[in-house]
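Each of the next two complexes has chain A plus one more chain, namely chain B in the first and chain C in the second.
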Partner chain A sequence: MAALIEVLAAGLFHAAVLFLVAAGLQLVFGVQRILNLACGSFYALGAYLGVTAGGLALGAGLSPLLALPLLVLAGAAVAALGPPVERLLRLVYDRDESFQLLLTFALVLMFQDLIRMGWGSQPQQVEGVYLAYGQVQLGAARIPVWNLLVLAAAIAIAGGLGLFLQRTDFGRILRATAENRRMAASLGVDTGRVYAAVFTLGTALGGIGGALVVPAAAAVPEKAVELVVEAFAVVVIGGLGSMPGALAGAAIVGLLRAGALLVWPELELLAVYAVVVAVLLLRPAGLFGRPAA
Partner chain B sequence: MLEIRDLRVDIAGSPILRGVSLAVGAGELVCLLGRNGAGKTTTLNAVMGHRRAAGGAIRFRGRDLLGLPPHRIARLGIGFSPEESEVFAELTVAENVALPTWTRPEGRPAEARIAHAYAVFPKLRQYLARGGAQLSGGERKMVSIARALALDPELLLLDEPFEGLSPLVIPEIARGIGAIRAEGRAVLIAESNLHHVPEEVDRVHVIERGEIVFGGTLAALRADPAAMAIVAAAA
Partner chain C sequence: MRGGALLAALAAVAALAAAPPLLGEYRTTLLLPVFGYGVALLGLNLLFGYGGLVSFGHAMFVAAGAYAAAVVTGVWRIESFEAVLLAAAAAGLALALPVGALCARYTKIFFGMLTLAFGMLFHSFLFKFYGLTGGDQGMRVRRPTLLGLEFEELDKTAFLVGPYYWYCLAVAALLALLMWRIVRSPFGLALRAQRDNPRKAEYLGVEVRRTRFVAFLVSAAFGAVGGAMLAVPTGLADPELAYWTHSGTLVFMTLLGGFAHFAGPLLGALAYVLLQDWLMSLTPYWRLLLGAVLALIVLACPQGLMGLPALLRARLAARRRRAAAPHPAPAE
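And now, the complex of A and B:
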């Protein structure tokens, strides 16, 4: 029982982080119709910025209890890369998906080397934060409060994102642009600016996801590729371009991996991709996706 | 107000517009009449900046429009309602109509512009909360024109505003267009059916294979057998 609760908590923690990355991916795909593999790089960069910012701040005597807001800010700083990368992607907006995949995968490899140059190849972590918030005792199970905070932060971001998209004028302009770019432009929407803004927001989400993980798990340069693959499993399960899909997909992948670890660790990844295959066979558009017309 | 001179547009290497010239003066109602594929939609798309011109000039209130992106052209005061209406299904009727007041906030206050759009098509007030996908063809057309009107434009471009609509709603759309024109806005309608050309039209231009083959009043068109032959083939 205790083990089950602990695994569940770990799965939800992983799901929260996956959701942030997948939400960025979905947002960018929904509006720009571009599959951005580089979302994994933004996650990795967020992780390393988190390592650096966390290390500096804690070294300077910052209370570990302030690590959460600090890491969110450090991760969000990856957004600075949003506008220049979006500028580069304009080269492939109206081209075949294969160009988009090639270009964004090239970005993944380039960022991976840049990370090696900047931070080296050794795993790096923010020490002394993970358990600084204490643990919650649930029966015999102990759950680090950090995990719950990250879960709460992801839920808050999901809610904020939903409100932003549904209730603000810019959110409505964004949805209109996603549906029909030409018509939106005909009504005065500067769609180039909308694209840049959406991409930057997606970048920030990925970066925050990465930064929130480093107290719990070490960052390595290869993390980007791993995350891309997992984020794609999330969007295939949830449905490409759908925000509720990102939420459901992330929860399924997170819990499945954690659950597999408990019963049959060797099948951790297989379990995820078995579900991916099942979804592709039974409901190709994903749980929340609209079937392609 | 709008002046198109010797406009040439190529699509995929073939000339679609081969020297189109026409003008719409302030407060005028002008019709671009021609059969499907004659170049009407391409002309409107070129004005909106969706089609690159291979030559010629498009000027609006003295400003050169060629090379400007569509959103800048819209913000100069040109409202556009495309043939397929293109109402956003993701947004409600109210959000569709309000959208241009967010993108072009200058000018009259948003509330006045939105209220005015519904005054032209009062029926829409019943559907404010409906999604764009839950409307009939005629309702979508009304939303599309009302939305263009909420931009507070000096000129409206309407592409086939009656195409595919039930005969019952056509008079309602025609009345709305009449009301828009009566308040002094210029209107350019692309139309393939002579019977839909409003009697109060100031000028009709007949387009055929990318060229303007006739320009004049509706009475002059009716008196011109060559132009009427083309127009009759279209209807």
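And now, the complex of A and C:
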């Protein structure tokens, strides 16, 4: 029983992080119709910026309890890459999907080495934060408070995103652009600016996701290519371009992995991809996606 | 034109056959993967260039071929390379039957995503099931015999740069010929027709789904045979062969050579192998440069190396036109 609770908590923690990355992927796909393979690279960059910022701040005597806001800021700093990368992708908006995919694959290759140039290939971690917040005792199970905080932060970001998209003017403009770019443009929307803003927001979400993990697990350069297929599984299960889909997909993937670890560890990733294949075959639009007309 | 193409092909084969003594051992070993990749990419391009379907999971067939080679030589102790190639093709087909039947229902981004998912499914199977596949250690591929000959007197390198090199060249040339016949057949025509306009193709009596499915099977068999050819020099079948980035690399290689030309994949395999070796000798951060090359091709030269002459000609012609008309009429 205790093991079950601990595994569930770990699964939800993973789901929270996956949601952040997948939400970025969904925003960009929803508006620009580009499946951005480089979202995993933004995640990895966020993780390394988190390592650097966390290391510096804790070294300078910052209380570990302030690590959460610090890491969120460090991860969000990846957003600085958003505008230039979007500028590059703009060159292929009207090209075939496979070329768009290949250009983002080129970005994956480049970022992987840029990260290695900056931080080396050794695993790196922020020490002394993970357990600084203590643990919650739930029956015989112990859950690190950090996991719960990250979960809460992800839920808060999800709620904020929902409000932003549904209630604010810019959110409405954004949805209108996603719905019909030409119509939005003819109504006076500067779609170029919307694209840049959406991409930057997506980048920031990925970066935050990465930064929040480093107290719990070390950052390695390979994480970028590992995570992108998981984030991709999330959006396929949830439905391309759908925010509720990202939430549901992340929960499914996170819990599925955790559950498989408990029951039959060999199936950990196999189960995820099996579900992806099943969804693509039975409901290609995903659980929350609208079927293509 | 046909005669010209045949002549060029013969010249290329002759040049490659004569190359080993001139290049020396090291550079000949470098050329070995070109044959395996060339075969695999010919298969990939049947889907990509001729069928309009971009697979992001094709590395699973390359891996299937490599593991087939490992099982045949290492577990069953059958050393004949002909048996290895047949087993690889069979393994590729066996894997492609269910995968292709499902993937052939989709095109475009869904086809790409589904193949990627199947590829990762296969990768996690190879990676996690230690008992069957050796997990992350992979499986050893033992040195095969060629046409029943053992070449006992040769050490590993001499075997690879000698008989194995020529054998692979011959296999690649024969399979290229076979692929040439396939794309020139009515089936190849149907495949191109469904790429350009599936609905119209259907009206004309092309069974679109079945055409895609058959192309998928052929493509998988080529991929697996290529994988077996790649696994002998490295002596290893490991799960990274099936990882999605390897699939991306395969598409990259095809694009580099030129997906719109029959010989593009072959040129792409050669160019990629040389490019990667050169970049790796320059810097440990060769992926950065490789990524930049890929981005450049996507943006500036989507027809790849084969399309480069036409691109340059078009550029030159445009410049000449501009020079001839120094004062263009103002645009309305």
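Following the convention adopted for this analysis, the second predicted complex is superposed on the first by the 293 of 293 C-alpha atoms of A that agree within 3 Å, B and C clash if a C-alpha of one lies under 4 Å from a C-alpha of the other, contacts with A are read in each partner's own complex, and residues count from 1 in each chain.
Quick note on the criterion: contacts are C-beta pairs under 8 Å (C-beta built on N, C-alpha and C of every residue); 3 or more make two chains touch, one makes a residue touch a chain.
None of these values were measured; they are calculated from a predicted model.
**Q** Taking the superposition as given, does A:268 touch the first partner, chain B, the second, chain C, both, or neither?
**A** In the superposition, A:268 contacts chain C only.
**Q** Taking the superposition as given, does A:225 touch the first partner, chain B, the second, chain C, both, or neither?
**A** second
**Q** Who wins on chain A residues touched, chain B or chain C?
**A** Of chain B and chain C, more residues of chain A lie in contact with C.
**Q** Go through the superposed model and pick first if A:188 touches only chain B, second if only chain C, both, or neither.
**A** A:188 contacts chain B only, not chain C.
**Q** Contacts for A:281 in the overlay, against chain B (first) and chain C (second): which applies, first, second, both or neither?
**A** In the superposition, A:281 contacts chain C only.
**Q** When the two structures are overlaid on chain A, which partner does A:112 contact: first (chain B), second (chain C), both, or neither?
**A** second
**Q** Quick check for you: in the superposed arrangement, does A:93 touch first (chain B), second (chain C), both or neither?
**A** A:93 sits against neither chain B nor chain C.
**Q** Which parts of chain A are touched by chain B and by chain C alike?
**A** Touching chain B in the first complex and chain C in the second, no residue of chain A appears in both lists.
**Q** Can you list the residues on chain C that touch chain A in the complex?
**A** Those residues of chain C that touch chain A are 48, 54, 56, 102, 105-106, 108-110, 112-114, 116-118, 120-121, 124-125, 127-129, 243-245, 248, 251-252, 255, 284-288, 290-292, 294-295, 298-299, 302.
**Q** Spell out the part of chain A that touches chain B in their complex, as residue ranges.
**A** The touching residues are 169, 172-173, 175-176, 178-180, 182-192.
**Q** Under the stated contact criterion, what part of chain A meets chain C in this complex?
**A** 35, 37, 88, 91-92, 95, 97-99, 101-103, 105-110, 112-114, 116-117, 225, 229, 232-233, 236, 265-270, 273-274, 276-277, 280-281, 284
**Q** Mind pulling up the chain B residues that touch chain A in the complex?
**A** Residues 48-50, 69-71, 74-75, 80, 82, 86, 88-91, 95, 98-100, 102-104, 147-148, 151.
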